[in-house]
Structure formats: structure tokens, C-alpha cells
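Labels run A, B, C, D, E, F, G, H, I, J, K and L following the written order; every chain starts at residue 1.
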């Protein structure tokens, strides 16, 4: 919720991204994929961190994000 | 969050469906209606179960669902 | 919260109903019993779903409901 | 969740609106802006109330809303 | 929970009030209506703020309140 | 939710009790006061524990309880 | 938490069960499977209801349960 | 969380303000009083809205705020 | 989560204990019973406090605990 | 939130206290220690109850409190 | 909750792992340690992220995980 | 909550830190900045993970921490 854009109306989008490497990478994958169709994304919030396990080891991380973008950008 | 699709990015959609018969039927009605425009839905989560009452009897059930679908299907 | 009655004040009642058959039936039992003394019930929300187990099998379902009714009906 | 439309399926949209005047005005700004592209909005729920402070005074209010609209309107 | 009445036992009542004007007015309508039958109300807490939308504009605000009153007043 | 009474419908009442001595005593005061008018109370749940402080010392404890009682006792 | 067994200590187990038919059936499948190794289960609570979707239709329901059983049965 | 100050560390302060007039006024009273000793406050979040009732009418509103301010302002 | 044991992996166990005397006694009964089979318990958290009522008086207290113990003790 | 002081602004402080004896004693220890530097504390709320276990027995109780005090006392 | 195994019943285990390096490493340590005795773990969810501080610096990270594994693997 | 210091009273501080690199780095920045004025910090808990997005990419991570420190260190 950036101060410089306080007259805007935001819409919030919910996404799930994943990565075999790190939680940060899962965030980046979700944001990068969404940027193909959604412009003017401004902030995100991580609302859940999960992952899959295979053969007794972490296979990848999976984050659920709420992402805010301006409707009037 | 199916294991076989773990490299995908999901988007989460929130829906409300209703049924005079059962909670399961209210879920099916919401999913069925959404399937007309959203392809590649993979999972749902029930986040609220409500309903209306008329003349002292349950008139219908109403469920709020979060539904995940792939952005790259 | 029906649109047609938006000038009313509602009171919310909390009930627990049970059934050996289904979650929907437990809802109906609670609403049906309350209708003997409370008129003008309009909606319910399921806030907890529990049950008892006997001899390794589900014995019955038990739901906690919040029920709204008009004070001016 | 209006009683008269109980056979509809709703979709829920999440918005952030702001106002220098009041919480109510922030709600109206978000709903007004969304009405340009979303028809048949029926209800909203305030899920967060925040704001910015400048020079020791409240600069504006910012509300996060969940808004329900019919898919079949 | 007023300090001067700390030996009392309170009962908590849950109400929904509405107003076309403001959130504060919806609170007042609920409290005013309840005061016809419940004496000795002491405090309230807003637990949900919702509303209805008609023709792309906020039609009214609807607040859910928990209200405490003394049993021994 | 006693097993022996599983065909009953319960109503849930919310109370606040207080005591200068202990949390348990605050529970007992609320239940004791309610027993004057409500028969067939079966269980309680503590949903909040608060208290007042005077002159740098705890003056008394205050508990909020949900209490279930049978409607058909 | 049956009244007749109030001197017991319970342990709580968390399970996920599924069914293609209904939420109740998913509960029964989880309880039935657990009864092979855990004796003296007494109650359950549904803490999450989810499911999978295939080809635009609900494929099955999946419930997460907390199950209480006596340690001294 | 203003974008222009993203290298700062914030501290969060929790305050309760009140007003006989409105929720917004209760926010302003809390922020105004805190501004006497805390500089560089940037944002707030309303975490609870309560109030007192006297003689069957709302006596005043009381809001609990979380307020963020920069440690390096 | 004791500092001296920070290289350990903990498992968390969930228990319900009860007592006719006090909440603290209910905690002790659960921990004492579990200590017969689980060694190296390190900490607990109370997640719910309930109880039963008989003849208008508190019959006993019942606490739900999460208990952490080391897997490598 | 004492009625007699309703024009005040409160600040909320969060503390953790402990005791080998009881939950109430842990509350008193936290309040007593804070009273050395914070004047005009008015109320507290218990937000978490935990404890440590040594040799299969409860070693002490640990409570997390939110404490409100007046800024203008 | 992998799609390919939807007829299974899962049990959920709760673990705490730690690492001096990263949150991801704390997850891996917990999963790795559990894999010595629990086979067929399928997924995890991070439910709390904490850590210890020594001499003004982060000493290590500590995550609480819920881990699902099949009962019929 | 280290076992070796169990007679202490802790105060909890809430901080927001940020980093362009990682969640762990955002934690370290907040703790490092606070260590300039607060001695004897013992533990932290991450209560929110957010971030800003610029030009379709994650610009930085922002974590909200609760930090416990001894009052009697």
C-alpha cells in the first residue's frame, strides 16, 4: 500500500507459486508468471507456506500470495 | 495442490454456491457454473457454510469456496 | 441477511444440533427445535462440525450454528 | 447474500479503497470504481481498516473489502 | 467492562443493525432497538462490518455487535 | 457435549464472570449466577481471560465463557 | 468429551480422509481406517473441508479431522 | 508501509483511542495524542472497535490501533 | 523451546487433561499421564480450556495442551 | 477499559510472566515487575498460556499478557 | 494432498526443526530427522516461524511444521 | 522463551524489517537495528511476511516480528 499512490483503488489477486530452491524463489515465480497478464502489481503478502516431500526429502516449496495491483494504472 | 503439476502457478478464485438439497450439491453447483468460463480447476476449499431459513425450516445451503486453477494449463 | 428486510435488527442465537445421519440433518434438527420458540429465523452459519465415535465408527454428527432472526418480525 | 437471488452463483472480488474523509467514503470509492467494470455487485464485507499518517495526523483511511457479485446476472 | 461494576456477572448478546448513512448509525440502531427489552447494557464490540450494494452503489451498512449487559442490574 | 445426551439440542449462552481470587473462581461465579435462571447447563468453554489492575496490582480476574445447556431438559 | 469418562486423559490425532460421495463418507473413511490401530476413539472435529476437481467436476471430498481417544481405555 | 521508505525499520505501537462522535474521531484522538511523543508515525491498522453504552444509548466509540513508525526517521 | 537444546528436532503431541480442582491440576494430570510413555517432554501450550457443569455447578476443568518433546533425547 | 476514564488514550504493552505455582501467580509477577516502570496500568488480557516441563512434571507456567495503561494518567 | 493418492488416509504429524542458516534449512532438518522413522511423508505446511537471538544477532531459525503421510503406504 | 531464564519477565516488541535479498535478511535487519537500543533480546516470531513489487518483479521482502527481551537483564 504505497503512500505515493493513495488515491488509487487496488484489486487483490490470490496466487500459488512453487520452487525447488527456496520460499523466496516460489514468491518470484508466482509474481513473474502473473506479470505476463497483470500490470501495475504493487505489493504481496504470503498467506501460506507449504511444500511436497518425496523419498523423505523436501521436493519443493509452495507459497500462497495475496497480490495488490492498481485498477487505474 | 496435485503433485503432478508442481511446476505450475495457480490462481485462486472465490465462489459462493447454493443448493436446496445438501452442502455437497452447493459445492457442485458453484464448481459447475465456474467451469463454463474457467478451465483447469484443480482443487477447492470450503471456507464458510451458511444457509437461509424460511418458515422455521432450512430453505437452502450456501457454501463459500476457494478454487485453485492453473494459469498455464 | 436478506436484502428485503434490511431495516430490521437481527439477534443472533447459537445452537448445537445432532444427527446420526448427516451434517445437513443435524442442521435441520437444531433449526426445527428452535422454531418451536423462536419465530422469524432468517439465516444460519455453521461454525463447528464435530461428532462422537463408538466402537470405531461415527455415531453421530454435531453442528454448532449461529442463527439470525428479526427482533421486529 | 440476498434471499431473492438464492439460486445464483456468486463470485467474490477483493478490493482496497481509500478516502481522506471517512471509512464509509473509502468503501464507496472502492465500490464506485469497481462498478465501472463489474455489474451485479450485491454485498460487501470490510476485512481490514488501515490508513496512513503524515506529520502526526491521519492522512487517509484505507479499507479492504470482499465484494460478492452474481455470475449469472 | 466498567471498573465500577466489577462484581457483576455479564451476559453477552449478539445483534445485527443496519443504516443507510454510516457504520456508527448502524451501531446506534441495533443498540436502540435492543434497549426496548434489555436494560443495563454496558458495552459493545463490533465483530463484523458488511453491507449491501444496489446499482453499483452502497445501499446500506450492516454491523454485527456483541453487547454486554449486567444480569444483576 | 456429553455422550449420554446426544439427541438433545443445545443452546449456547455467553457470560462474563469475575473474581478477586482466581480464574477458576471467576468461572464458578458466572456459572453460579446463571444457574438461578438457566437449568440444565452441561459444559462451558473459556474464550477470554482478562482482568483489572489497580495501583500496580491485579485487582480481579474476568473470564468470558460460552455455556451450553439443553433446550429439552 | 463424554461426561461419563471425565477422569481420562485423551490424546488427539489428526487425520485426512477422502470420499467420492460425500463429506460424511470422507469422515467415515478416516475414522474406519484409524480404528484398525487406534482403539477407544471417542470424538472428532472437522477442521478443514477440501476436494479435488477434474474436468470441471468435483472428483472427491477431503476432510481433515482431529480425533480424540483415551490413553487409559 | 510506504514504498518510499522501504529501507527503514519500523516499530509497531498499540494504542486505544475514544470519541463520543465517530470511529474516525477515535482514531484521530489516539494518533494525535501519540504524536506528542512519537515522531515519524507512518501508518495505522484498526484491530478492534468497541464502545460503551449508557442509558440504552451509545456513549462513545473506542478503537484499538496498531501504529507503525520509523526507528531511523 | 529451550535455548540449550536448539539443535534438536521436536515432535508436538496434543493432549486433553481434566481435574475437579483447577486448571493447573488438569495440566499436571495430562503431563503426568503422558510421562509414562513419552520421555523428554520440554514445554506445553494451553490451546483450549473447557469444563463440565452438573446441577448448576462446575464439575471439572478440561484443558487441551500441545506438548513438545525431543526426538533425539 | 474502565468507564470512568473514557476520555483517556491507552497504550498497550505486551509482557510475559512466569511462576512455578499457578497461572494467576504468573500474571501477578508480570504486572508487579512492570509496575516498577509503568504507572497507571488499568487492565490486562491473557493471550497465551504456556509452560516448561522437566523430568515429566510441570516446572512452571508462563503467560503472555497485553496490558493497557493511560498515556495521560 | 497429491491427486494420484486420493484414496489414501493421511495422518498429520507436527514437528519443530531448527537451523542456523535459513528457514528452508530448518524445514529440511525436521523432515530429514522424521524420515528415519516415518515413511511415506507427502507434504508439509509451515505453521509458525520463530527463532532465538543471542548478543543482538539471530542465532537460529525454528519452524513448526504439519507433515502429512499415508497410513497405507 | 529460554529455559535457563525462566524467572525473568519478558517484554515483547513488534518490529518490521526489510531486505532486497531474502526473508532471513529482513529478519536480521530488524533485529540488528533494534539491538542498538534494546539489550537482552532472546527470541523472535515472524507474524507477517509481505513485500513490494516494482515493474513485475519482487523489489524487497518485509517481515513483521514479535521480539521478546528480558526486563531484568
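To be clear about the criterion, contacts are C-beta pairs under 8 Å (C-beta built on N, C-alpha and C of every residue); 3 or more make two chains touch, one makes a residue touch a chain.
Remember, predicted model here, so these are calculated numbers, not experimental data.
Path length between subunit E and subunit I in the touching-chain graph (shortest route): 2. By residue number, more than half of the contact pairs of A-D reappear in one of the listed pairs C-F, D-H or F-I, namely C-F.
Think of subunit D turning onto subunit K: fitted on CA atoms, that turn is 120 degrees, to the nearest 5. Between the CA-based centres of subunit B and subunit K the separation comes to 29 Å, rounded to the whole angstrom. Remark: subunit H and subunit L have CA centroids separated by 22 Å (rounded to whole angstrom). Inter-chain centre distance (subunit A to subunit K, centres taken as mean C-alpha positions): 22 Å.
Looking at subunit K, residues 1-3, 14, 22-23, 42-43, 50, 52 sit in touch with two or more other chains.
For subunit H in complex with subunit E, the residues that touch the partner chain are 22-23, 48-53, 56-58, 61.
The residues of subunit D lying in touch with subunit A in their complex are 13-18, 29-30, 33-34, 50, 52, 59-60, 62, 64. For subunit G in complex with subunit C, the touching residues are 2, 22-24, 27-28, 31-32, 35, 39, 41-46, 67. On the side of subunit G, the complex with subunit I involves touching residues 1, 3, 6-12, 14, 66, 68, 71-72.
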